Each structure stands twice: as C-alpha cells, then as structure tokens.
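Common to both upcoming complexes is chain A, partnered first by chain B, then by chain C.
The block that comes next holds the complex of A and B.
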C-alpha cells in the first residue's frame, strides 16, 4: 500500500480527533486524582455508562441535546457516587480506594448489562456532520473537525477555569495544602464534590463526542481506562498539559498504526508506555 | 492470648480434618468447588505476600496466573512432556520470569502507580494471548488438557491440589518470617527509614514480586489440572481483581486471611449464580460494603471481637 502525503494528513487529523477524546477522558481522571488524591479506576465504567445513555437519549431527543443532557446527568450520578462512597475513603489507604472503584466498575457494568443487554450498540452520525471537508488540502471528515474544535474549546475553558477564576484558585489551593484551605474557611468537601462531578462530566463529554464514531459494547470500559492510564503515565500524573500531549501522541500513533500494522495497532500504545516508564517513570512532562 | 490461640488451634484442626474427609463425604460438585477455593487461596496467599508484607498492591496477578496456566497447557498439548512434577516447576518459573521482567520496570513505583502498571501489564498479556491464535487458541483458549498418570480423577486432583497448596503456603510462611520477610515489613512501614538501615528497598520489593509471581503461577498451573484448560479470561483484569478482593475480604494482616476470603467469595458465587445471573452486581455491592464497613476484613473483625474489653487495639 502506497502511503501518500494527503492520506497521511487525513490519518493524522483522525488521530488528533481521537486523541482529543482521550484527552477529555483522561483529563477527568487526572483532575480527580490531583485534587481528591483518589485514582478513580471506575472512570472507564462511567464513560461506558455515558456512552449507553447517549444511545438512549440521542435516539429519543436527538444528538444535539444529548451533548448537554448526558454530561449533566452523569455529573449528577457522579455526585451520588462521591457523596455515597468515595467521600468515606479519602483517608483510607490506596488499596481500599482502588478496591472500592473496582466494586463500582462491577456495579455499573452489570447495570449497563441489565438495562441495555449484551448486544453492541452503534452510534449514528448526525446528518449535519456527515461528509468531508477539505482543510488546507487535507481531506478530513466534518465530524473530526467538529471534535477537534469543540474539545479544544472545552480544554481552553478548563484551563481558564483552573488558572483564572476564584474557584480555580480554590482547587489549586486544595491540591497544594488541603488542611490549610479548610482552615481558611473553605468548604473543601463541597469543592471535592464539584471536582468529582466535573471529572465525571468530562468523561461523559468524551463519551458523547465519541458516540457517532464508534460502537459501544460491554468491556469498552476496560479498554478506555487502559488508555486513560496510558495517557496519565506518558504525560505525568496530575499534569493537564502533559495529558494533552500524551493523548494526542496516543491518538495519532493509534491512527497511523492501523495503516502500518492493522492487527497490532493498539500494541504500539503499550510499547510507548513501557518505553516511557523505562526512561522516565514519573512521566514525560512531569515537573518532578 | 490463650483464649485466642486455643480457639485458633481447635478451629485449625477442625478445618484440617474437614479438608481430609471432603472427598469421602461430599459430592463431586462440592469437591470441585473446594478445589477451586484452594487454588484461589494459593493465588491470594501469594498476592498477600506482596501486599501484606511488602505493601505493594499488584492488580495484575492474573498475568502470572495466566502465564503459568498457558505454559502448562501448551507444554502438555504441544510437547510430549507430560510429567506433572516437571511441568509444575517449569510453569511457575515462567510466571516468575514474567514477574522478573515486569519487576524491573515497576519495582521503583509506589502505591497507585504500582497498581496501575500491574493492571496495564495484565491487560497487555490478555491482548497478546487473544492475538496469538496459533499458540494459545485465541478467544476460546486451550481445551482438553489432560495430565497422564493419576491426575485424571477428581478425588486425586483434589488431594494433589491440597498437598501442593499446603506445601506452598508453608514455604511462603517460612519466607515471610525469615529476615527477608521482616525486611519487607519494614519497607511497607517506611521505605525511607528502611533504606537508612541499609535495606536495599528496590531489590527487596523486586524479589518479593518474583517470589509472589512464582507461587501465583503455581496456582495457575493447578487451575489447569482442575479445569483441563487455559482461557484468556485468566489474564483479564477481573481475575486479578478477584485475587485482590479475597485478600481484602479475608484481611491482609492475617496470613490465612485469603483462605477465608476465597472460601467466602466462591461459596457466595456458587450460591448466588444459582439464583440470579447478576453475580457481578452483587459482587460489586459486596466489595463496596467490605471497603466501607470492614476494611480490616473478616479476620480483622474476628480479632476485634476477641480484643474487645481488653483495651488493646491491633490494626
């Protein structure tokens, strides 16, 4: 198969679009870890639940409204889990925290099986985004362009929220010294709740955006959590900029891997992860 | 604590007696179930060696389990080698070899990072197993693995498993109470201070992983003896999660905690799957309940009952 430049450009564009989805997903994971100090192993399961919810809501009221409805709904579900379960184990060791999220994975994926059944679901591409556009000589699907634009906006909004607003500085204060922040009269528990809701909301946004491009099935949660962790490892845990670059690397590598060795496309990610771990265990863009 | 040690002795003798008479009094189904409990117990004890002593949470022990299971199955079906003594040594050694490779990469990592990396490795192994169809049989796995000699009948398999599990548990107990084991406990409590008293922290954690993976591999090998097959699900993260769950359920501060955990878990699974299809949902609820209500596990709960009124608290 001949590799031409425009084809390469198209694949890179698709890879960037996928990478942005991975970024939104792992951003939620990273922020929750950075602020709450909990690795939410169930992040992939929340993604899967959001994906199946999108299927139902998009079929009922259309894709456009699900873009708003699903993240809000998922943030509320996240609030229930935070207030009911996670809140109780912030002080417990990491073993119990991980085990709790494993329990949540079992619960969520079995609920998905109970409600939506075993058959895979397929997302429909909204008519508005069908077709391709020519972007400086590179043919890319309209939807890829849409993904890149909307997720860049979300990423920008996120960074502005964290670094330019009062709530953002409270969040950063919680990361820096939780007890001191509490001492200043800030309701840290509530900040944690909002951050957890925001993280799950980001996973839900990623799921809704990914919905038209892939099909959903049981077990997709494991796949997504591995990718989210790979992003965190490559980019350095807790670093949003690192997560962005790592997610783009993974998206592009995955996309190009399909061209070079289709059967082993996802193995490339693992190779990168192992290589990064060997050279720089704290992640490529970590400050430590 | 005389009351406690007397209780433990009587209880232990009853359990030992029960385990010996099982094949003569119970049906084949229950003999199989108890064999399964024993195998998972060995996997749990091997993980607890790493988790309870060294404080390293491996969320990927299924990788070692699966490696040994596949090594066993491939050796028997592909080569003429059918001597269980040789195979039960080679297969765990393969698992230990994998542990040695993974250990190079992760022995420096702590807490979450360690857990995440181990789970990543087991998922890598899972996808490799599914890809290498010619060698591993892909999604359907390897079926019909039969040992030559006496390991054909259920009762013999049971006694063989019992003997191997007890032997391995004794060896792990000895290692755990050797100077090496105490050095691991020191590392768990405080890695920095341990390095000040000239314990090579990374090397000890590395060795602990290798030892643990060897015995987990032994459990994987026994699993092939019992099920006559090797399946890719063994390397899926849920298997590793099962092993962690039984450790926490039983209590990681107790050597035989995983035995209690695996007995409770498998009996519950047997019972609940006969009633409803939604075992994972129940399992998830059980896990959450254990984490929130009895983080010390069942043995911790028992211990607290014994220590009540004595004014002492043992974590």
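The block that comes next holds the complex of A and C.
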C-alpha cells in the first residue's frame, strides 16, 4: 500500500486529536492519584457515565450546552462519591481502594444499563463541525481541529492553575507533605474534594469531546481505563507534561496503526507500554 | 485569676499514644502571653509528641489543652492552626516542590480582627530573613538546611500565629547558622510572640528562654527558671546531657 505524505499528515492530525482526549481523561486520573493517593479504577466508568449523559443532554439542549453542563454535572456527581465513599478509604491501603472503585464500576454500569439500555448509542456530529478544513496543506476534519484547540486551551488553563495560583501551590504542597499542609491551617479535606471534582470533570470533558466521533456502549469504560493507565505508565505517574506527551504518542500510534496494520492496531499501544516498563519503569518523563 | 487570664496555653495532664504505644504520661505545661518557654529533653523524651498533641496532629487521648481558655484538645489540626497555633517542625519540612515564595504565600492568613497590628506580610518576613528574599524564586529543596529552617519559621509566621511552636530549630545546623536563627527568634520575642521552643541545645535554649521545663520518658520532671535549673546539678545530669 502506498502512503502519501498528505494522508500521513491527516492521520497524524487525527491521532493528535485522539491523543488530546486521552490526555484530558488521564490527567484527571493522574491528578487524583497524585494528590489523594487513590488509584481510581472507576475513572473510566465516570467517563462512560459522562458519555451517556452527553447523549441525553446533547439531544435535549444541543451539543454546545452539553460541553458545559456535562462536566459540571459530573463534577457534582464526583463530589457525592468523594464525600460519601472515597473520603473514607484514603488511609486504608490500595486493596480497599481497589475494592471500592471496582464496586463503583459495577454500580455505574448498572445505572447506565437501567437508564439507557443495552443498545449502543451513537454521537451526532454537530453541523457546525461537519466537513474538512485545509490546515497548512493537511486535510483534517473540522472537528479534529476543534478538539485540538479546545483541549490545548484546557491543558493550558490546568497548567496555569497548578503552577501559577495559590490553589495550585496548595495542591502541590498536599502532594509533597499533606500533614504539614494541614498544620498550616489549610483545610486539606476540602482541597481533596475539589481535586476529585476537577479530576472527574476532566474525564467528563474528554467524554463530551469524544462523543461526536465515536459510539458508546457498555464496556467502553474498560477500554478507556486501560488507555488512561497506559498514559500514566508511559508518561510517569503524577507528571502532567509526561501525560500530555504519552497521550499524544498513544493517539498517533493508534491512528497510524490502523493504516499500517489494521488488525493489530490495538496491540501497538501495549507494545509501547511493555517497552517502557522494561526500559524506564518509572515512566519516560518521571522526575524520579 | 489574673494569672489565668494571662495564660495563652494550658496543657493539663495529657496522655498521648502512637497507636498502642503510650508516649506522654500526664504532661502539663503553661505558657503566658509573650513568654518563651523551652521544652528541654533528650531524643525521644516526648518533645515532638508534646508539640504534635498541641497542634492536633497527634491528638491527646486524655487530659485537656486550653488555648486562650478554649478547649482545643480534639479539634482538627487545620482548625487549631487557624485559631493561632502554628508549628515549625524539626525535620525542616519545607515543600521542596514549591518556590520559597510559594511556601510562604500558601500559609498567609490575615491576623485575627480584634488585634490592631498589621500582622506578618512577605515584606516583613523578608526583612527578618533577608536571605529568603534573595532566594524567593528558588525551589525550596535547593536551599541549605539552615535556609530551609528559616523558610519553616517564616512560613509559620505568615499564618500570623499567637503561639509559635518551634521544634528543635537548630538540629543539624552549623554554629554560625544557629547564631543567626537565635538572633531572629530574639527579634520575635521582642515583638511579643509567645513561643514554645523544644530544644536539646541547652545553651541555645538558655539564651532565648524565659523559663524552661524538662521532659523525660514522657513525663515532666522540672519546671522553673534557668537559674533554678542550673543550681540543681542532679536534674541537669539526670535529664540533660550537658
């Protein structure tokens, strides 16, 4: 098969767009782990719930509104889960955290099945984003361009929040020494609540943005959590810059893999994960 | 009655445990407003545990801790800090992944309203520790031990405490730096700050403290002036390695 340069460009652009969705998703996972110390295996389930909510809300009030409504709604749902469940197991060790988050996966899956049924749902592309644009000689879908722009803005906002605001300093202080942060009079429990809400909100943004490009079904959460963990492994847990680069690598490899060896496209990601675990188990961009 | 009113902190017969191990056995301490009380004792005597009990990080199981007359024994540590008790810990616990300035900024809290004074600001803290001004944009982990200790004290001040808990500020520092910190604590003392200073360094403590109290194996063995202490050689020999 002949691979032309413009085709390659288009596939890379699509891959970057996919990668940015993975970045937003795994950013939420990695921030929650970094600050709260909880490995939230239910992160993919929250993504799935957000995807189904988008289906309902976008059909009711339009895709544009769902871009705001779904993340806000999911952050509130996240608050309920944090205050009601996760808060109790921060100091309980990883086994209990695993049990709790797997339990939540079952609960969310059942809710999705009860409310939306077993049939897959399909996202509609908003008319505004239908079609292609020519971006410096590369033909890419308008929607890919939209994804890249909006998720870059969110990533920038996130990095500025963490490194340039007082709240960001407090978050980093919690990562470094939670007890000392408490000792300075900072309400760490509330910081944890906000971080959890933010993390789930990011998963929701990823779901809304992904909605027009793919279909949703029960079990999609498993695929997404594996990708989120792959990003964390390749990029280094807790590193936002690492997560960005790892997510882009995965998105581009996925996109190119479909062209080169469609049958084995999915396996390329895991080959990279295994290779990273062999060469640099702490992650490519970990500071350790 | 007037003596009571003048007391900022009253620790009454507290018992504190780490898990199942009983560390403090009925410790009592009183600190008056504007006083520097030195808590002396060997390694493992219970100095840090006393401080952790007061600051709520390891709450006492029995006994009472009163701050401005209010029972704070079972209040969470962040609320105790907000009420005005802030600790600078021994292990120089700066946030290494934050700049010096960020370390100071996150602790900033306006002083209680009833107080007329303006309280601590970055500028005021920098004038007490000029070196921190110079390094304000450096990562705290790149500073020397003495400088990190200064960050810890400066950060505690930014929270505008009524009572400062200083846990062994001189541990592991060179004599020149110990001298610097001693001067800085003296300035705080002159400003009227109430301080509980845990120390093993007797000479450093004597220079700063108004009174001292000796803890050993989780019990208070002596409380009084430094003159009283020095005149009683048996206590000095038994509980301090001077």
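One rule holds for everything that comes next: the second predicted complex is superposed on the first by the 288 of 288 C-alpha atoms of A that agree within 3 Å, B and C clash if a C-alpha of one lies under 4 Å from a C-alpha of the other, contacts with A are read in each partner's own complex, and residues count from 1 in each chain.
Note that in this section a residue touches a chain if its C-beta (ideal position, glycine included) is under 8 Å from a C-beta of that chain, and two chains touch if they have at least 3 such contacts.
Just so it is clear, the structure is predicted and the values come from calculations on it, not from any experiment.
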item: Touched partner set for A:179, first chain B, second chain C, both or neither; value: second
item: Touching partner for A:169 - first (chain B), second (chain C), both, neither; value: second
item: Partner chain(s) touched by A:187 [first = chain B, second = chain C, both, neither]; value: second
item: Which superposed partner A:206 touches (first chain B, second chain C, both, neither); value: neither
item: Contacts of A:105 with chain B and chain C, given as first, second, both or neither; value: first
item: Dominant contact partner of chain A by residue count, chain C or chain B; value: B
item: Residue ranges of chain C touching chain A (in the complex, touch as defined); value: 55, 57, 76-79, 81-82, 86-87, 89, 93, 95-98, 102-103, 105-107, 109, 155-156, 159
item: Residues of chain A that touch chain C when the two form their complex; value: 166, 169-170, 172-173, 175-177, 179-188
item: Complex contacts: residues of chain A adjacent to chain B; value: 33, 39, 85, 88-89, 92, 94-96, 98-100, 102-111, 113-114, 222, 226, 229-230, 232-233, 237, 263-264, 266-267, 270, 273-274, 277-278, 281
item: Partner chain A, residues of chain B touching it in the complex; value: 51, 57, 59, 105-106, 108-109, 111-113, 115-117, 119-120, 123-124, 127-128, 131, 236-237, 241, 244-245, 248, 252, 278, 280-281, 283-288, 290-292, 295
